[in-house]
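In what comes next, chain A is part of two complexes: it sits with chain B in the first one and with chain C in the second one.
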Partner chain A sequence: MTSTIVSVRNLRKQFGRMEILHGLDFDIPPGRIYGLVGHNGAGKTTTLNAMLGLTSYEGSVQVLGEDPYRHRARLMKDVAFISDVASLPRFLKVRELFQMLSDIHPNFSAEKAVGFLEGTDVRLGAVIGNLSKGMLAQLHLAVVLAIDAKLLVLDEPTLGLDITYRKRFYRRLLEDYMTEDRTLLITTHQVDEIEFMLSDIMFIRDGALILHMPMDQVAERFAQLVVAPDQSATAMALKPVFAETRFGQTVMVFDGANRDALQALGQVTTPTLSDLFVALMSRDTGVSK
Partner chain B sequence: MNPLRPWRALFVREYLEHRIAFQWVPLGILVLITLSGISALSLGRIPDLEGGMLPYSLKIFELAYLALLALWLAYLAFAMFFYFGDAFSADRRNNAMLFWKSMPVSDLTILASKTIAGLLLFPLIVFLIGVLSGVVFFLLVNTGSFVVPAIGPIEPMAGLVSLYEITLFGLVYYGLGLLWYAPFFAWVGGLSTVFGRWSLPLAFVIPGLLAVVENVALFQQGPLGGYVWAYLSRRWNFGLDGVGWERLLSNPGLFHADRAIAQLAASIDWTQMGIGLAFAIVVIWIASEYRRRRIA
Partner chain C sequence: MPSFNETQPIFVQIRERIAAMILTESAKEGEPLPSVRSIAADLSVNPLTVTKAYDSLVALGVVESRRGVGMYVAEGGREKLLAHERDTFMSEEWPRIRTQIRALGLSLETLLKEDSK
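And now, the complex of A and B:
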């Protein structure tokens, strides 16, 4: 078994004269659930595209030991991805799609796909072009979940789906799909919805990774402080990475600060991913440097 | 996993996506031809056949069957022109590129499957419908011999032999014709990969512009119209010339496929055939490399 599923070294990508990715370095080991989070245009999709062999790049990318750009077709036997849920062939019926995938993909199970569609309104005799956007997403997710892949990459997989289906999807992803042999990389703007399932988090800003760590270390490293009314100046002296005023309260986020020292200045909690996202990705940090 | 299964899936995909043009429309045309033949016979709308010099029924059938196959070939040529102009960019237009990129098949395999479907699968379907139209006409001529006794019925064994001979010649003619024009269709497909449906006019505009530029640069230094124009004009023609066809069709005896095929083979520039096929393969490979770099 490969010890590292994805290995990226000095990944750079230029569009014309503009450099989009500025030398990313990271490894993804097996059995982990990674969240890749960033603003629109931060370079998430370009990074994923490089990993999936969909775009050329400078630097080194190895996925399951293969160069994805040179061997995309071979790699896709063990990698499944959704980059756009509206990309299924619209002229096919659902049944025809499953039959075709059974022939084309050695690791696809039509039986599993049918199982994943249970409880949805997607019928096997339906023409894909006639399905609603939500049904298309459900069908595409059923297709990728029915592929026995070592790496599953989901780029905004639940875009356009209602909250009920989103929750059900993530639950099934965890219960029915994830095993210790599988690795999942997921990007979404709805970070709160996936926070519970992530084992690792990567924040990307302006083409550079600004955070890459296991989720259990996030709680150790970052602290959020709701500052007591008279302690603002003292707290600011501890150099928060972010500060803002919410409903009359000053909230600060600290990176690597001593929690005991913070306890004396107000209420200390672990920031949620969305709090951390705002803290680390905002151009205006509310902190003078 | 059987390595042919992905190819089967890709051919089925092409068939499902384009069956209207290559199956249902031809079948509809065949039904119309059949209905018009039946109505002509049943309503007595064949006054021209009742007087004058009439060839015997088997010859009528042979000439009509050859003409039908020629008409089906013309239909096929038009349909294929639009197929290659459309299918090679269909995944981009339908926003399905990322789905196909997520499958364990290379871009070259996908474009090769489209090319093979265009040059083999669909022509075979149209050809079979053409053969069916020959069978229909065979029955119509036989029935017509009762309405117009002067032409006489077709002797069944001779009729079957004739059907076989013309079908064999038609099959060879279709096959060689498609191989001859393969570089043109590959050219349209290659352009479609880059320019989408604009490939349809560009397939003619680009060589036309080349010919104009050549004429401007080398005015009257080469053959009439320039080297490009002269080459393409020569390359455009396939098969028997007018004299060859006249000799073949004016023969009062029965049609012999072996003679016709020998005559056809002698008329083909086999070196150009080979060059054309090599050109087609190179164009499809370049198109696949272009597609490999595209995700939308």
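And now, the complex of A and C:
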């Protein structure tokens, strides 16, 4: 019925007299994998909290057609999330946790959760407080995957996990969660790891969205140029949004430049998300380095 | 995991790997191809990217999408793919290679001698 999963208009948030979100506008359609990227303190978690009904705000937020702050309980049937600070009850055994969730959550399947734990080191009889960080992440993922959710929000889901766990984590998401009517929203600092998983990207800086577009448009709009030795001045005249010299080699990032024109000046590629992030975050700040 | 190169879109690179499976007959006509989901999970890419790769092969009649079942190599698909790849080679790659051969002044005899080694 609702074709848009999340719809945000003029979202503002103040802590005391400090405004930390300055009027965000965005829509998230179903079937997409969204990446939300920004520095610490840029407003990522506050934005997610507003969507999850965990904080008050000004402006309008609709998640699956509901106001998350007023109808949080209803919404949580169809929304699941993992946040870095979310904690599972440490004193329960895994089996007891699943029982408790079956009792309180209408869309949770203990049977599915047990299935998702197969092949991991997490035992049903283990006390949650005794699990390692990696095992906790696996348990947490098993819990959210066992909820038949339309929207899954992951706030730094793999923080502190080693590379093997991270790979397995994302593999599980693609295998067991994603379908064309489900939506995934991820924030992470390890953006290169999920770059090819994303369908859309949002960059947030100082409480404002500075980039929001499908990934295939990123490749059309932005170009990275490794400048040939004698072409630096010509390339500079095309107004790159970012330029940096490392080991005598100059790398520039362009927004909306003609690729054919750039080809003549050096080697042209599409910047990785982390290169693009660095480029756009250092633009127009007025702060000298 | 084999990685991607930076010069081509990911869906093109995935399409080429599927095409290679068909050309080398590691998937024969009428046989199933890996599901969108399993390729997405194996390569950590968005399922829509894999779908885009398959769509281009479905449009050529090389791959058949059976609703609710999955992707299969179409009957006569390998021939169609081969014809298409030959056309692409002749129109896009050969002119570039030919120019290079001329620029290097390589004679036909030299090239053939190298080939029969």
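To be clear about the criterion, the second predicted complex is superposed on the first by the 280 of 289 C-alpha atoms of A that agree within 3 Å, B and C clash if a C-alpha of one lies under 4 Å from a C-alpha of the other, contacts with A are read in each partner's own complex, and residues count from 1 in each chain.
Here is the rule we go by: a contact is a pair of C-beta atoms (placed from the backbone, for glycine too) under 8 Å apart; a residue touches a chain by one contact, two chains touch by 3 or more.
Just so it is clear, the structure is predicted and the values come from calculations on it, not from any experiment.
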item	value
Touched partner set for A:145, first chain B, second chain C, both or neither	neither
Partner chain(s) touched by A:117 [first = chain B, second = chain C, both, neither]	neither
Touched partner set for A:91, first chain B, second chain C, both or neither	first
Partner chain in contact with A:82 - chain B first, chain C second, else both or neither	first
Contacts of A:72 with chain B and chain C, given as first, second, both or neither	first
Contacts of A:49 with chain B and chain C, given as first, second, both or neither	first
Which superposed partner A:106 touches (first chain B, second chain C, both, neither)	first
Chain touching more of chain A, residue-wise (chain B, chain C)	B
Contact residues common to both interfaces of chain A (with chain B and with chain C)	none
Residues of chain B defined as touching chain A within the complex	1, 5-6, 8-10, 12-13, 16-17, 94-99, 101-106, 109, 292-293, 295
In the complex, chain A residues that touch chain B	49, 52-56, 72-77, 80-84, 86-92, 96, 99-101, 103-106, 144
Interfacial residue positions of chain C with respect to chain A in the complex	4, 6-7, 9-10, 37-38, 40-41, 43-49
Contacting residues of chain A [partner chain C, same complex]	31, 33, 167, 170-171, 174-175, 178, 193-194, 196-199, 215-216, 219, 269-270
